[in-house]
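Going by the order they are written in, the chains are A, B, C and D; count residues from 1 in each one.
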Amino acid sequence: MEYAKILEEIQQDLLDFPAIGKVTTTIPELATINPDKFGIHLTTINSIDYGIGDSEEKFSIQSISKALTVALAFSFLDENIWKRVGVEPSGTAFNSLIQLEYEKGIPRNPFINSGAIVIADMLVSCLKNPKEDFLTFIRMISGSASIDYNYAVAQSEKDTRFRNAALANFLKSFGNIENDVDEVLDFYFHQCSIEMTCQELAHSFFFFANEGKTKDGKQILTRSQVKRLNALMQTCGFYDESGEFTYKVGLPGKSGIGGGIVALYPNVFVVATWSPKLNKKGNSELGMHALEALTTKTGMSVF
Amino acid sequence: MEYAKILEEIQQDLLDFPAIGKVTTTIPELATINPDKFGIHLTTINSIDYGIGDSEEKFSIQSISKALTVALAFSFLDENIWKRVGVEPSGTAFNSLIQLEYEKGIPRNPFINSGAIVIADMLVSCLKNPKEDFLTFIRMISGSASIDYNYAVAQSEKDTRFRNAALANFLKSFGNIENDVDEVLDFYFHQCSIEMTCQELAHSFFFFANEGKTKDGKQILTRSQVKRLNALMQTCGFYDESGEFTYKVGLPGKSGIGGGIVALYPNVFVVATWSPKLNKKGNSELGMHALEALTTKTGMSVF
Amino acid sequence: MEYAKILEEIQQDLLDFPAIGKVTTTIPELATINPDKFGIHLTTINSIDYGIGDSEEKFSIQSISKALTVALAFSFLDENIWKRVGVEPSGTAFNSLIQLEYEKGIPRNPFINSGAIVIADMLVSCLKNPKEDFLTFIRMISGSASIDYNYAVAQSEKDTRFRNAALANFLKSFGNIENDVDEVLDFYFHQCSIEMTCQELAHSFFFFANEGKTKDGKQILTRSQVKRLNALMQTCGFYDESGEFTYKVGLPGKSGIGGGIVALYPNVFVVATWSPKLNKKGNSELGMHALEALTTKTGMSVF
Amino acid sequence: MEYAKILEEIQQDLLDFPAIGKVTTTIPELATINPDKFGIHLTTINSIDYGIGDSEEKFSIQSISKALTVALAFSFLDENIWKRVGVEPSGTAFNSLIQLEYEKGIPRNPFINSGAIVIADMLVSCLKNPKEDFLTFIRMISGSASIDYNYAVAQSEKDTRFRNAALANFLKSFGNIENDVDEVLDFYFHQCSIEMTCQELAHSFFFFANEGKTKDGKQILTRSQVKRLNALMQTCGFYDESGEFTYKVGLPGKSGIGGGIVALYPNVFVVATWSPKLNKKGNSELGMHALEALTTKTGMSVF
């Protein structure tokens, strides 16, 4: 497959695309980003890298981190994590409290905010030094020691935390948070503030496509476990647009409001895109189009 | 892959499984079925057939028919069908009116009852003799001329139609039903009453696994179109348990309250199971377990 | 109290009021009404009548009829009616299906559409000739033999019945409709189509203010029973604006989308207003203002 | 009216009443109360006092305080308070977040928790020393200098604050809290912890029945303003049982999970009851029955 040529075609096609999306304003620190940034990076299962555009510029991965925290929690607790969070699509917005009230504090899945906060609580319980240890994990799976939190972004999320604080307190009222609410939120805001390039993102998710093994051969999860998390990304990875992404792109993946998306074709490739303008559902508008173009041009979808 | 041996192992394993599910009572005519029936039929992409148990006994396919009506509507109207129905998981029960009220009469997807009724309305508009023509289509894709409606079951659904009549009238009040409500419901109750064996069911869904072509080579949909419908079955095929099925089985599929499930691995196989006892979410309890065992034993999931 | 002078002042004040409301469009037959019609009629407990404006012109009482059907059902079944319908404000729109789904087919109160349909079903069971008998009842309590159904309006409601048909079928699916859905709806559409003048309306509701006795002394309900229905009108009589009406006017009452409102001060007076322009909540805009002015000028509210 | 005799009869009748309710467990500090306590105190508009049972024992007024904070806020801000909170019954539980999400952070009324927290925020803005000043207000309207906060109860609420903290943060995320969340909650928990006897409670609410004037003649609100707050208590004072209370008792009032209820007949009397066992809706079981008996025996309801 001539990935280099295909990525160039996609980049060319997107020049004509009338992007009407908007950069997120929910986190003030992210609102100042250049909206015209665009990058793609694809890594094949044989570790060949193809990058284009701003693919080596760092950006805030935000909710993409939720797939990495759930992987780490899964490595500690295995199927026990599903006692406190579900595996079903939510049918409501990523930060909704409605479902949580009807379903007594059990979030529908670990990729909506409430679910990710429960996973963060699990990690705060499992890890000796949660923030340090999680960063170590990220650097290990990505093979990139320069990855770090953006403390200004984390602080900005903390300053405007009220919706997430409502979710965390609501979960706690149902008994589904073990630790102190502020401590859990502090970990959560930091995990979301992690910055990576498209390349680092593709490398971080390499183990999901490679039967659980990182690029340099470390076994993070079993083959069966990554299949299950890939399935979960497929049904729940794009908030209330997961069905649309599955329908159009046909690959498991995860998006973030920083404008990043990562998707993977098991045993074939991992691909990461970055473009800050978001559609109404909170997903990167150009990123969605780029990935739809990729599977259309290559015919490579899991279906 | 030694499918015959694997199916035997699965059947053996299920003997020890403490099935606690219950046969559906929502349609009186179906309530009298022998709850201990069990069959599996697997057809490989090379048209080799493997059947076991009651795999050649007819049963009511019920909601499985929704995947076939959407395929037929898709062949007529292509992407236009999404103007009137969405592609997102619902997050609510298969017969819920709540989502419909919040989202102004646009059903979340074609596999919940409201969405299937909208699709039925499209077919009533597209087909000259809706019931006859749909049956002809089913016989054509399955290659089985003996497939028919069960008129007693259709009548039984009509006699207890009130929830579906509420949905259809509600849709009509939002302008999302073109034809007479009773005519649309009559078509809908008949499509659900179709009876097939596991073998016929596997053959009917063969084109989903075979890039749009039936066993005898008729092109029903394009390769891209079946990929999209497979994606839709993956995210929405099992009501409010779609995430669970995707997580555990990792194949696109569709279930019905008659106890049938069909699933497929693109370009590899189609498999149909039948066991009438349903779990709390309305899916066949043993069928779910059989398919989980199948992908666990073979390692064959799309993820 | 100089009611004549007060009504004149109110009429004068309303001339300056910038009415922005709109005549209902949900029933085509009602959409052609002259939007500038306005009338008030007040009857004191001593049967002295005060009318002004178009108070002797007939209009469609619509949902105001719900207070009269519940009174008749109450006279037959007493407290048993609350087994099938509640006495709580709904917190949702008058034609919502959401609450009904969460609360398993028990409408919150008899003044939202679903509740009124259940009451209609009770009357269809209790009355030998439902439509004839109900009309006889209305003529009796009002003392006006000229009151009748408007059959064109009833037919118009039937032609656009889909939302109400959804409600009735939904109720039936929960077992909360005893009779045939179409028969119940036919009765319901007729009850809503009744036409009265403001004067006839005030006279019809006289027994609510007069400890259960009509103007000519017939005991319709006990003193305790009318107190309870007055209480119910207070909390639920104005759809999702009941709190606002209670807050501003402070009298029990009932409104209809034909633009009528009737309110009463127990043991003192009954007042009916008519102005077809509705506010966003579906209540007569000028009628609400007229009644607020009435209680402000007279100081006569129950609180 | 022979109130002394009537209260005795009521107390006698209640001896036979099979109280099955339960003392609240949501606030640990309140869970230890003697469940068999029972008192009534009635004060006539002429300031004659009738007490019976444990009517001079202090108890936690809890949500009854919401009527007093809204009165104080109303005295400062008049109709402006309705820009941030509504006057409609909620149709959902007192601590629900669902309505708040659908209605963008505007609580339905000031008597559900979210609404009361918004009112608390207004008072934190209006008062120089919120807790001290509110206590001064309470002592002034009641004429009882011994009324105080129960600091252990306030601390107990703070320790189990998560549901209320979720509400307050959710409100803040919609911009409907001006002050620091913790400061607002601290005020709110203290207002709820106030302890009074039935007598003090009846005296505190005297101005609601007396056209805005306290027992010793201080004008707290205008005649029109108290009418409006009485109307609000009528439609919203008993959480999701307001319709039931209005239907059975027919007087405006307010309840608290400490087991207290206060109700009033404008220009006639104020009555307070206390019995800690709560029904399923969170209102005092015996208190509700006592007040129903009172209006049945005296015929004194506003309807």
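In this text, a residue touches a chain if its C-beta (ideal position, glycine included) is under 8 Å from a C-beta of that chain, and two chains touch if they have at least 3 such contacts.
Chain by chain, the UniProt names read as follows: A, B, C, D = Glutaminase.
It should be emphasised that the depicted structure is a prediction, and the values quoted were computed from it without experimental measurement.
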Requested in this report: Touching both chain A and chain D: give me those chains, sorted by label.
Outcome: none
Report task. With over half of the numbers shared counting as same, classify the chain C/chain D interface as same or different. Result -> same
**Report entry** Distance from chain D to chain B - Cα centre to Cα centre, in angstrom
**Finding:** 55
Query raised in the report: Which whole number of Å gives the spacing of the CA centres of chain C and chain D?
Result: 32
Report summary line: Whole-angstrom distance, CA centroid of chain B to CA centroid of chain C, is 47
Requested in this report: Provide the list of chain A residues touching at least two other chains, using ranges where the numbers run on.
Outcome: none
Query raised in the report: chain A touches which residues of chain B in the complex?
Result: 86-92, 99, 108-109, 223-224, 226-228, 230-232, 234-236, 240-244, 246-248, 250, 252, 266, 296, 299, 301-303
**Report entry** chain A - residues contacting chain D, complex
**Finding:** 96-98, 100-102, 161-163, 165-167, 169-170, 172-173, 181
